[in-house]
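See the structures that follow.
Each of the next two complexes has chain A plus one more chain, namely chain B in the first and chain C in the second.
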Partner chain A sequence: MLSIENIKVSYGKAMAIDGVSLKVEEGELVTLLGSNGAGKSTLLKTISGILKPHTGTIRFDDQDLHTMPPHQIVRLGIIQVPEGREVFPELSVLENLKMGAFTRKDSGVGKDLDFVFELFPRLKERRRQWAGTLSGGEAQMLAIARGILSAPKLFMLDEPSLGLAPVIRNDIFKVIRQIHQERGITILLVEQNAKLALGMSSRGYILENGKVGLEGKGADLINNEYVKKAYLGY
Partner chain B sequence: MESLFVQQVVNGIIIGSIYSLIAIGLTMIFGVMKICNFAHGDYSMVGAYAAVFVMAWLPGWFGWIGSIVAAAAAVGILGVITERLVFRPLLTRRTDIDIIMVSIGLFIVLENLSQLVFGATPRMLQDPFGSATVNLGLFSTSILRLFCLAFSCIAMGFLHLFLNRTQTGIAIRATSQNRNAALLMGIDISHVYTLTFALGAGIAGIAGVLYGTLFAVFPTMGALPTLKAFVVTILGGMGNLRGAVFGGFILGVAETLGGSYISMQYKNSIGFVIIILVLLIRPNGLFGRREGT
Partner chain C sequence: MSQDKYNKLWKALGIAVLFAIPLVISDRYFLHLMVMAGIFVMLTSSWNLLTGYAGQINLGHAAFYGIGAYTSALLVMKVGISPWIGLFMGGFVSAFFGLLLGIPSIRLSGPYLAITTIGFAEILRLVAMNWVELTRGSLGLYGIPPLTAIKLSPGFSIEFTSERNFYYVLLIAIFLTLFCFKRLVQSEFGITLKSMRDDEPGAESIGVDTTRYKLAVFTISAFFAGFAGALFAHYQRLVSPDTLSLGETFTILTMTMLGGLGTLAGPVVGAILLTFLSEGLRFVEDMVKLNVRMVIYGFLLIITILFMREGVVGLFSHYRRSGDTGQ
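Moving on to the complex of A and B:
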């Protein structure tokens, strides 16, 4: 489905991604691990077309993404929930969700709206409120719900549990697993919380200093000695 | 004494509504593209000249309304042209100061070009109501001024509906609040930029017809409205539409009251006194958003 071949991305002279290759097959849930500055968010931004690689290719099915502007990439169903939620603070919750469905002309939007309100009843209660007034957890729910409204084929979530209380974090993970399993949406998940993320992943990649340090099945990575020491803390 | 006060407040509201119209476009363009356009008032000047031509062969109130529509369309197109040719090339590798300098250049070019084409002699737009006035007890005003207020309010009302009720309008607001997130929604940012300039300039064109009808039409008529629109924009918070609407009315009323109770000569400086006070007390404007949201 998604296939990245040896891409390099830099900010000015600083190389952020130095030759990464990565694959996501249809129906998979793939986790991307790595410490701060390893290049995880840069990689997602490059897939979404906000940053452009200077070498390498990104292909989605049989389309070249690395030459495509962001708004067309979204139309292919490659949807990103960015790090730090990035909701529109002075749009209402409902308007934020409508922006999620911006590219859609199909009749399924209303149904999807019902679906996310069922997933996150809190959002339904607050649908007329400005998104800027939501708590961190609610804003994350809104960011995910907004992504679902975009009808993703490949759903990329950048650190959805960052800065959330454990209870809310667990809720968020439950929802991710639910949309993966019940809706069959392919997911590329960037996470700091290695144990939770790898536990539900089919495969994982570990990014270190802009390169893929390690890759493997989720269960294998959890039991890997290096991963245990560096990311699981034991 | 009391009726003078009411009279001046009404006059202030009428002129303030035109300030609001000009400032709305300015603040919208700033909000979406982070461009401070010092040529914005010249869009009004061009709109006023469009009205001069329309009313030359279509007199009466029919011509007046026709010229408002024509000005909105012509200046909207001018806005798109300046966005594409002047501002767009600067957006990728720009600093704010570059854009300000270029917009001042645009302002000089537009003013001199219109002086070259139309001449420096001020032209009057004919009053379609033949200077008829109404007396409403506490104050009296010309029918023309009431219609100017009505048209300003109608234009603002339509803009409000567009920005709040249509998908495209919400996308414009979304882009001004978070450009990156807007990209991730699949919003075509370049399309939003073009549309924002068309709208902002078109509304300034309407304001130019109203302003030109109340005063006169001449090549440098855009300079003062530009400065006042900046006062209004800073007063209401840069990029804040509601702030621009209220800010325009506040400035209009403050000016006319200051003009009649303090001194007519200082009328135009009152806005700048207000701006200094606002910047000292509330640097983000009366309706400004907090930084970092």
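Moving on to the complex of A and C:
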């Protein structure tokens, strides 16, 4: 579905991604692990078209993404939930969700709205409220819900558990698993929480200094000695 | 439901009062102020759409106003078209310039865009100042024909030279303008504009082609500002380069901020309040022989920004932007 071949991305002279190749097949849940500055967010931004690679190709089905502007990439069904729960603070929760369905012309929006309100009853309670008044966890829920309303084919989540209380973090992970299994949405998940993320992933990649350090099945990576030491802390 | 009925009743009553004002009060000076307030209502509302809703800081809005005024005046005087058509031509030419000013907004935002828009307005002001053969320079264009009288039957026609009749023209124009803006702001288009204001990359990341929306909102906003300018030209029957000045833009800005930026009612309230306040201050100025008007504008702006971000209408929870949006 998504296939990245040997891309290089840099911010000015600083090389952030130095030759990464990566694949996501339809129906997979793939985790991208790595420490701060490894290039995870840069990679997602490059897939979304916000950053452009110097060399290499990004293909989605039969389309070249690396030459496409961001708004067209979204129209292909590649939806990113950015890091730091970016919602539109001065739009109501419902308006935020409607913006999620911005590119859609089909009639399934109402049904999807019911679906996300079922996933996150809190959002239903607060649908008329300004999104800026939500708590951190609620805002993250809204960001994910808005993504679901975009009817993603490839759903990219950038550190959805960042800075959340453990209880809420578990809820978020539960929902991610649910949308992957029940709706069959392909997911590319960027996480620092290696154990939870790898535990539910089909496959994982570990980025180190802009390169792929390791790749493999989620279960294999959890049991890998190096991963245990460096990312799981035992 | 009864709440809804009440609202409708209040609205109907308000409209009736607005139409009845010139019948009850015949003081020409008062009606003149109402007309000027009305022109500013159109102008501030159009600025508010661009800056309050879409977040595109335009400090050259007076340019659109001036373009509309000069276009209509010149076309009527030199080409001889009807002033009624001139109003729309003023709007369209201004909209074209709006589209042009929209182009830099694709890459510039915040203070950089603001400075660019100031430059845009200043260039046009200097053109109006120095192209003496066409605009008569700082003397301004005078003797602009009024809106042509409408003949209802032989011997009976409606003239538009009096403040009272012009007031009605303006009232209708304002209703149409506000109706358009209300529909725009509450539609998907409006939500999209607000999302762009809140977080531009965020809006792009969910598929908004921000370029298109920016150009569209600049064009629409400029159209209404130009239309207001053309109305002014045929009312005042004098246009000078002052209409394009930065001071004019700051009057628009102060009115909108005071009333409530990013709300529909805000510009209306602000424009009426400040029009009457500034006339009141004129008497004070005559007494103290000092230009206190701008001092007081500045003071009001600071108070608004410090203590009532949502302006006067924000004080009434019903019209608030925040909290329960009712959407």
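In this section, the second predicted complex is superposed on the first by the 234 of 234 C-alpha atoms of A that agree within 3 Å, B and C clash if a C-alpha of one lies under 4 Å from a C-alpha of the other, contacts with A are read in each partner's own complex, and residues count from 1 in each chain.
Just so it is clear, contacts are C-beta pairs under 8 Å (C-beta built on N, C-alpha and C of every residue); 3 or more make two chains touch, one makes a residue touch a chain.
This is a predicted model, so every value here is computed, not measured.
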item: Simultaneous placement of chain C and chain B on chain A, clash or fit; value: clash
item: First, second, both or neither for A:T133, with chain B first and chain C second; value: second
item: Chain B versus chain C as contact partner of A:R177, first or second or both or neither; value: neither
item: First, second, both or neither for A:K124, with chain B first and chain C second; value: neither
item: Touched partner set for A:K211, first chain B, second chain C, both or neither; value: neither
item: Which of chain B and chain C A:G100 touches, first, second, both or neither; value: both
item: Which superposed partner A:L91 touches (first chain B, second chain C, both, neither); value: both
item: Footprint overlap on chain A, where chain B in one structure and chain C in the other make contact; value: 48, 50, 70-71, 74-75, 79-80, 82, 86-91, 95, 98-100, 102-103, 146, 150
item: Residue ranges of chain C in contact with chain A within the complex; value: 188, 191-192, 194-195, 197-199, 201-210, 262, 321-327
item: Complex interface listing, chain A residues touching chain C; value: 48, 50, 70-71, 74-75, 79-80, 82, 86-92, 94-96, 98-100, 102-103, 128-130, 133, 146, 150
item: Contact set on chain A toward chain B in their complex; value: 48-50, 69-71, 74-75, 79-80, 82, 86-91, 95, 98-100, 102-103, 132, 146, 150
item: Residues on chain B engaged by chain A in the complex (per definition of touch); value: 167, 170-171, 173-174, 177-178, 180-189, 289, 293
